[in-house]
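Report on the following structure.
Chain lettering (A, B and C) follows the sequence in which the chains are written, and residue indices restart at 1 in each chain.
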Amino acid sequence: MRPVALLTDFGLADHYVGVLHAVIEREAPGAVRIDLGHGLQAGDIWDACFQLRCAWPHLPADCVVMAVVDPGVGTGRRAVAVTIGTRSLVAPDNGIATAVLEASAAVVLEWRRMGLDQPSKTFHGRGLFAPAAARLACGADSRNFGEEIAINALVACPLPDPVVTSSVVEGVILHIDGFGNLVTNVRGDEVESSAMATWHAGRTSRRVETYGDAQPDEVVLIEGSAGYLELAVNCGSAADATALERGDTVVFSKGDD
Amino acid sequence: MRPVALLTDFGLADHYVGVLHAVIEREAPGAVRIDLGHGLQAGDIWDACFQLRCAWPHLPADCVVMAVVDPGVGTGRRAVAVTIGTRSLVAPDNGIATAVLEASAAVVLEWRRMGLDQPSKTFHGRGLFAPAAARLACGADSRNFGEEIAINALVACPLPDPVVTSSVVEGVILHIDGFGNLVTNVRGDEVESSAMATWHAGRTSRRVETYGDAQPDEVVLIEGSAGYLELAVNCGSAADATALERGDTVVFSKGDD
Amino acid sequence: MRPVALLTDFGLADHYVGVLHAVIEREAPGAVRIDLGHGLQAGDIWDACFQLRCAWPHLPADCVVMAVVDPGVGTGRRAVAVTIGTRSLVAPDNGIATAVLEASAAVVLEWRRMGLDQPSKTFHGRGLFAPAAARLACGADSRNFGEEIAINALVACPLPDPVVTSSVVEGVILHIDGFGNLVTNVRGDEVESSAMATWHAGRTSRRVETYGDAQPDEVVLIEGSAGYLELAVNCGSAADATALERGDTVVFSKGDD
């Protein structure tokens, strides 16, 4: 039985996430379930893509991932199952399915063809994605779920790439984590260790190796655990210290090394 | 081994929920555990009943449910195990045990008769309900836990039913979910698809099929995933848009169809 | 396979906790995982120690606990695996490893000796503690993880003990739980049942047995589920009622009994 990982914006105040777990257990008894998080902002596809990209390398090799941030639920947006290496991903076709590279196949989830009851028009997580994930956990072939479509027909992931010029790398804040760290889309190996980050009108941060290398209250540049450069304050919140927001620009000098 | 589902108001800031899981694993090693949610308002029996009612149809057929919202812990209120179809429910006898229909048997949980240590007067979840759930998971018969009592001796579920007249259905907001949807106690099949909902002084909402059918910022009426009619704003919060609160009245015309 | 319990300050808004679960499942497939909580304040070693101490007696006998509140991640602080009775604990050596008594062995976690990739300098939970916990779950001997060190070389738990004089016991508020209960470091059996608690300038609380014994809005003294005396308001918040904070002093008369 393949493990199933869940990522949603359903929050933990309601029974929604619990019901997803219940459906998976009912349809795939004993399947291992892993919560990748349910605290995304409602409808926040960007963050779903970002969190999925960060968690992906650490998942079990045969993992089935169910990532449901689905503001278009009940409309004509497609639901898909994508094969990526030895893993599978079920998600609405709104950019999430292309957040992680290397898909080798994509299938549209069709509830009739899957023999399911018509899913609630407000909760495809329960009526479509969880049953699909459970079947994949049990070894089903996603090609039995519906029509195969071309990979390049999938909606493109909305996360921006950094802009690289001869002298600088222009990045964007992709995510503000629970510690207040400001995570950019620039990977640590794209700039040298002597690089400086410039944000706001001329405010700059030097790059350090660990939180402990920072002075008290200093906003430093550090390579975070997913490989992205982030602005951070040791034992504090860079979000509070800088008032930067998601989507704001951070410019990195390439450094002298 | 039967799976165990947990619903409480213990929150996730403390070790309380973790300890419930630990006790279940200790007493029923390997039992599947499903979190139905722990974010209920402290002492909110209404919401416990509502969430349980919504999740119930989707639980595994042989599920043991432990639902503990227990403002009367340590007083004379009874703790019970109720058999409902092929499922079991352990809960304080404060209305939760009758939130879901069709109970066929009810037993009072008696710690002495169960051979348990006297439970902490502030945490029966750990010392009484979790051990009871674990034993049920292992196949125990609840009649060994204490005296059987009549179903109609159980405290009645406090959730109000809608009031149906010849021309309207008068409902009440039962729940505000994490997206700000206002869920009423009126089921979608109780009024026609042309029905209008009236709330506040003459403010009305038309019924739509999906969130995507709504205009921007429009407060619409939609059948939610549990079958109840709810006021919703697509990609927004009906709670914020209307300032309605739980317990407020919503009047539904029956429609022309 | 031994069960693994997790306690962190990583919160549930990010993928961090999900990745810990993924790594444990990847390295110890099928291992039972128990979340003891991830809502600790960032860097709050005090609370990690407190929560661990409360949960400890209820864990499975052979449990592996991974407790990661780690403001010193990436600095020279040691990471350790401690053997306590039949249980194991992996944690940064910042006081958490000594929060629970009776350790019989302590080993420094050395990623090279464990054959691990160099862990991210900001996330030892993923690259060091979770792999260590997974190996212990699979039956590994912690002495293979690195050098053994003396128990008394571990950093001491920072939680203060109460001060006992001939007439009073002077305690400290260790924790404010999600219900607003103010949990002190004085155990219920350290003072008599007739004891009074004095807090602020002469405000006092009488001791009761259950929440239900309190008058409406009365701040009472009660023995909580972990055995500590706490100030509580039935169906309310003692934190709001008293404005007391963690670290504040509460003085207990010993009582007449």
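FYI, a residue touches a chain if its C-beta (ideal position, glycine included) is under 8 Å from a C-beta of that chain, and two chains touch if they have at least 3 such contacts.
Note that the structure is a prediction, hence the values are computed from the model and not measured.
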Equivalent-chain rotation between chain C and chain B, CA atoms, steps of 5 degrees: 120
Copies chain B and chain A - interface residue numbers shared by over half, same or different: different
Euclidean distance of C-alpha centroids - chain A vs chain B, Å: 31
For chain B, residues contacting two or more additional chains: 12
Contact set on chain B toward chain C in their complex: 10-19, 21-23, 25-26, 29-30, 42-43, 71-75, 120-123, 126
Parts of chain B lying in touch with chain A, wherever the complex brings them together: 3, 5, 7, 12, 32, 34-39, 51-52, 54-55, 58-61, 63, 177-179, 209-212, 222-225, 234-235
